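Down below are the structures I want you to see.
Look for chain A in each of the two complexes below; its partner is chain B in the first and chain C in the second.
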Partner chain A sequence: MMSGILVISEHRNGELRPVSRELVGAAVALKDATGEPLRVAVIGEAPERYVAELKLAGVDEVLTVQAVVDAFDPEIYEASVRALIEARQPSLVLLAHSVDSLGYAAPLAVKNGYGFATDVFGIERDADGWVATRAGYGQKVNIEVDFPGRSVVVLTVRPGAYKPVETFGEPSVSAVPAPAVTPRSQHLGFEEPAGGDDVNIPGAEFIVSIGRGVGEEDNVEEFKELADSVGATLGCSRPIADAGWLPKARQVGQSGKTAAACKLYVAMGISGSVQHMAGMKHVETIVAVNTDPEASIFTIARYGIVGDIFDIGRELRNHF
Partner chain B sequence: MKILVPIKQVATLDEDFEFREDGRDIDPDFLIHDLNEWDNYTLEEAMRLKEGPGGEGIEVVVATVGPESADEELRKCLAKGADRALRVWSDALEDADAIGVARVLAALARRESPDLIFAGVQATDHACGATGMALAGLLDLPHAAVVAALDYTPGSNSATVRRELEGGSYASVRIDCPAVLTLQLGINTPRYASLRGIKQAAQRPIEVLDAEALGVTADALGAAGSASRVRRMYVPEKGRAQMIEGTPAEQAARLAQIIKEFGGAA
Partner chain C sequence: MRSSPDRSGTARRHWRELAERACTDEAPFAAAALYPYAAPRERAGLEARMFGERRDRLLLASAPFVAPAVLARLAALDDGGAVQLRLARNPATSAAALGALWRADASPRLRQLIARHARTPRAVLGQIAAAAGEIETLRALCENGGVAAEVLATVSERRIGVLQRLLAVNIATAEDTLLALWAEADDEAVRAQILLHPHCPDVLLATVPASLLERRCLARQQRAPRALLAELANDRDAAVRRAAAENPGTPLAALVANCFDADATVRHAVAARRDLPPALAGCLVDDADARVRRALARNPACPPELLVRPATDADAEVRRAAARHPHCPHELLDRLSRDEVTWVQAAVAYRDELPYAVLRRLARSSDVDVLAGVARHPATAPSRLARLAIHDCPDVRRAVILNPRTPRMVLRLLRQDGYALHRAMAVDHPRFADTDRWRMRDDPDVQVRFRVFQHFARRDAMPAAHEASVHVTQLSHYQPHPPKEHMETT
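And now, the complex of A and B:
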């Protein structure tokens, strides 16, 4: 009988990634509900260095797996997590829905016949086993999935969906033998984001941000002027930066900047993808302007305007 | 050499949509179809290699697992220069999740033996981010996800890729080929189809196969080959947005007030 919850932590460049503590947060709640033991694993060249930080309250055991390199490799992670599952027989394995797990979670699940769902933000257990909730159709609906006949379920958990555990406990620590892997890829190095523009999205208190709703490059200028006239920093969603209409330094979101100091964020023509929201959903006052009344950005905004950004923009300028 | 580009026909919701009778999906009458945004980039990357140095012999094959309506997306790819298009379908695939789809793509890939496979990082509808890498697992090929730059010389037995990480940094990785990569938005600038291309694509053949003919057995097909099962689909409770009603002038006046209050408080 498989039992227990196994959390796989993440680190990069020698730092534990904060999402690891969120996964523990999700797992502690499930441990309280089900009584299953909770284990946290770390895979790395010198995994011991992360152990102290992972001795979090609620964790019963910290597991280490030694790897030949410290940087992420999908085949080393896949084999290590498989070895961990075989060693401890958990019924539930939680990974972050992160760039690294995008590279190995699905191969792990598919090769072993595990139950599997990604980007989940709700987890429960009922008579049929584990049940997970994720979103669909551009975040407009929720989807509840289960895993009939699967004794192990692997879920990737949405960053930001659970509160991190910040207090410490006294779990035991064990090493799980490293599986033999011959990786077919090789980490060459990290590169930091390119600079470019001198704009400071993380430091800006007031951001007007434009998304694909601007339609074409020629329209960007009028929103630059709008941002200037209202005293805001101009930000954007990813398609605007990808198209080269604004520099990457202005992109808000998971692969761009976090609007860390922002108190007022006006999202114009932005649908509200998870990755965009990762950079701004914490902002106290969000105003969303969108022609689509069902746009998911309205679920996190304080104020919503169903309308055309060009109409609203032009009218707004009359007040400044 | 051959590059396989699996593409997905995605669906967005019509303004007033209804659920299917069993409550496990949307009534198909209320779905609007399109080509997954990421697949414009994967096709472009394949075309970029084909049109680049040493690419003369490259065949670009686009493939989808989907019903007849998905032919439209394959034709968009043919119009942009793909050499060949394939579609696989069986009714049982209605109930397939990303893993179930990957099993069919794996059977197809075994038949086609491509040198590279480019899938999208995720799809705009359900954002699973699983199909491409599950395919790599099934084929036991080297793989890398969220690739934002690719350096590959046709015929070479390795490639250098730049994985895009959180916060906009990157990791460079050398990877053995054949390989499966999921490509990220912005890796290139996708082309538009020419009018002539669109006209010609309408006449081009699409090879249609059923999954069984590819050797996908009943125990791996559709629900049986999936790693999850949808129980129900529902509209989540709306968040806290307070809607500002009125004419655009009235809405903008209220927004101006919010901005000015913020300015006063700052």
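And now, the complex of A and C:
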């Protein structure tokens, strides 16, 4: 009988990725609801260097798998996660929905007959087993997926969907023997994707985003100042980036970045195209400012202001 | 629109094929693209495809890019609440269709939407203003951007307190209505809006009000007397001083002190003035606040000879602002194109007038923003555009399509771009040929097909004699941004 929750952590350039603690956050909530033990695994050339950061509250065991390289390799991860599942027999395996897991999660699930869903932002357990919630039809509906007949379910979890665990605990630490894998690829180096400035839209917790409503390039400055004064990161919709008014790195949406860690998103002069909303509609608190009371953005906003973005921006600045 | 289009042989074959495809298309949009141009005998088949399924009727009702004729037909179907609500929200719905919805037994929510719609007939709005009982419907009417002054006056005469501020905000409210509102209003927010209104009566602009909110709004009023604005430029409140400094009506002499204001936002407002004299620009060029220097550097009124300092500023955004100055000298652009920050280089790349050597150097960059600027540049060579059209980054490929001078041979490289938005934009490009568009009639993306079908339907409904001139105007009116309503589906 499979039982337990296994979290596969991620690291890059020698640092644990924040999403790993979010996965633990999701798993701790499930452990509290189901009583199943929680294990966190780390795969790397020297996995012990990440162990201290993974000794988080709620974790029962930290598992290490020594790999021949520290950088991500899909074949090493696929074989290692399979070995971990065979060693600990979990019923649920949580991976980050990231560029790494895209490289091995699907073949892992298909080759071994595991249940599988991607980009999940809700997980429950009912009488019949695990139920995952993900978006469908271009983010227009939420879909609940169950996995009848699957003893192991692998889910990739949307970054930003769960609160990270920040407190530490006293889990045991065990090493799991590494499977014999000869990587077919060689890691040469890590290069940050090209971007116009140092902005980190996926990591920003507070974003003020502008759209066509700003009218002209000179007005962008006003919102840059607003974002600076309220301590927000400035984002934008596609037309603003296409016009060269803000760097592509600040573009939110389907063709840009996802506001993954955002807690407060202020959309100014953004009507709310499906493409833009795909990058921010999951944010817990959305404030929309638009002169058109019927703008689509108001359908997902928690707070809506029908008004001129310049007036509202000016008023906001007066308070900071 | 022509009821019986006279099409040539090829056009007739094209039309027949498109009509057959539209009637079997998985989405109703292809039929909607042809419908306004179809002969009456062809419309029945298209209507069957468009309106046969409720799901499709709902889709069409909320699509702002379909022709008003389709929406008008849909409004006449008496299809129940959801479709009607979507039609009333759709900005493309015609006045006649809205009138028909109003005459039907409109629900309270539908009445609100009709009251707010910019195309609602004036007679309907007049009825609402005079007789509507629900406050939400009247509120929606006051928010209507296309309403006539007389209609708003009718609402004002009903003396409903909660509507006063909305009436004061509406740009169409007439002077006498504002005066009546002023007499009734005891809320400073309402009075402040009246002072800000472009039709604000002169009599109200004679004295400086006591309340802060009113002073802030009066300071933004362009018709306020110059002496009064000069007084407000020295107000104790920084937001009032800033508003006065931004106001083009404020005399320059009153702004000298604002150049040295303790509040950086006031200095910033002066630095951004389009009528800034060189002497004041000189006072601000070394301002301690980078935002002030940024505003000055991009201000066309800043003399080009002063740009040397912003162009070497320690703050990258100030250097970028200098690169965006419309009269930035070529030698500075050359220097800025070598800036250590690629976002500064990108500001140079997005300028239309560039020395060829600078453009060539920028084209060797690996930065996405710089390359996107090069891809949009009117002087970029077709061979370079061809390389950028197959760039890994979709933003760079999209910039190639956004360049109105991109030749057909390069656009053809993007005909099968993996990103549907790019294919849809290519269909609209003035240098794309009809033979290329025709090959895209079975594109997997519904919006791309809609644009292809719409293009041929429009073209073939157009008298041949006008085609050449239309092509010329297409080039001059090409909008580098796709229409707001574009739907991406992949």
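The rule we apply is simple: the second predicted complex is superposed on the first by the 192 of 320 C-alpha atoms of A that agree within 3 Å, B and C clash if a C-alpha of one lies under 4 Å from a C-alpha of the other, contacts with A are read in each partner's own complex, and residues count from 1 in each chain.
In the analysis below, a residue touches a chain if its C-beta (ideal position, glycine included) is under 8 Å from a C-beta of that chain, and two chains touch if they have at least 3 such contacts.
Predicted model only: the values in this text are computed from it and were never measured.
> According to the stated criteria, A:E221 is in contact with first (chain B), second (chain C), both, or neither; which is it?
second
> Once the structures are superposed on A, label A:V274 by its partner contacts, choosing first (chain B), second (chain C), both or neither.
both
> What is the contact status of A:P247 with respect to chain B (first) and chain C (second): first, second, both, or neither?
second
> Under the stated touch criterion, name the partner, chain B or chain C, that contacts more residues in chain A.
It is B that touches the greater number of chain A residues.
> Considering only touches as defined above, state whether A:Y137 meets chain B (first), chain C (second), both or neither.
After superposition on chain A, A:Y137 lies in contact with chain B alone.
> Thinking of the overlay built on chain A, is A:Y77 touched by chain B (first), by chain C (second), by both, or by neither?
neither
> After lining up the shared chain so the two structures overlap, which partner does A:V110 touch, if you call chain B first and chain C second: first, second, both or neither?
So A:V110 only meets chain B here.
> Scan A:T285 for contacts with chain B and chain C and give back first, second, both or neither.
first
> Between chain B and chain C, which residues of chain A are contacted by each of them?
Correct list for chain A: 138, 239, 241-243, 248, 251, 254-255, 273-274, 293-294, 306, 318.
> Quick check: in the complex, which residue numbers of chain C touch chain A?
Spelled out, the residues of chain C in touch with chain A are 89, 113, 116, 140, 143, 145, 239, 265, 268, 272, 291, 294-295, 298, 316-317, 324, 341-343, 346-347, 349-350, 366-369, 372-373, 376, 393-395, 398-399, 402, 419, 421, 480-481, 484, 486-489.
> Once bound in the complex, which stretches of chain A touch chain B?
On the chain A side, the touching residues are 12, 71-72, 74-75, 78, 97-99, 102-111, 113-119, 131-132, 134-138, 140-148, 150, 184-193, 205-206, 230-232, 238-239, 241-243, 248, 251, 254-257, 263-264, 266, 273-274, 285, 287-289, 292-294, 298-308, 311-312, 315-316, 318-320.
> Provide the residue numbers of chain B that touch chain A in the complex, in ascending order.
Going by the criterion above, the answer is residues 11-13, 15, 26, 97-99, 102-103, 121, 124-134, 136-138, 142-146, 160, 162-176, 179, 182, 185-186, 189, 227-236, 238-244, 248-249, 251-256, 258-260, 262-263, 266.
> Under the definition above, what is the set of chain A residues touching chain C in their complex?
Spelled out, the residues of chain A in touch with chain C are 138, 194-197, 212, 217-218, 221, 224-225, 228, 239, 241-244, 247-248, 251, 254-255, 271, 273-275, 291, 293-294, 306, 314, 317-318.
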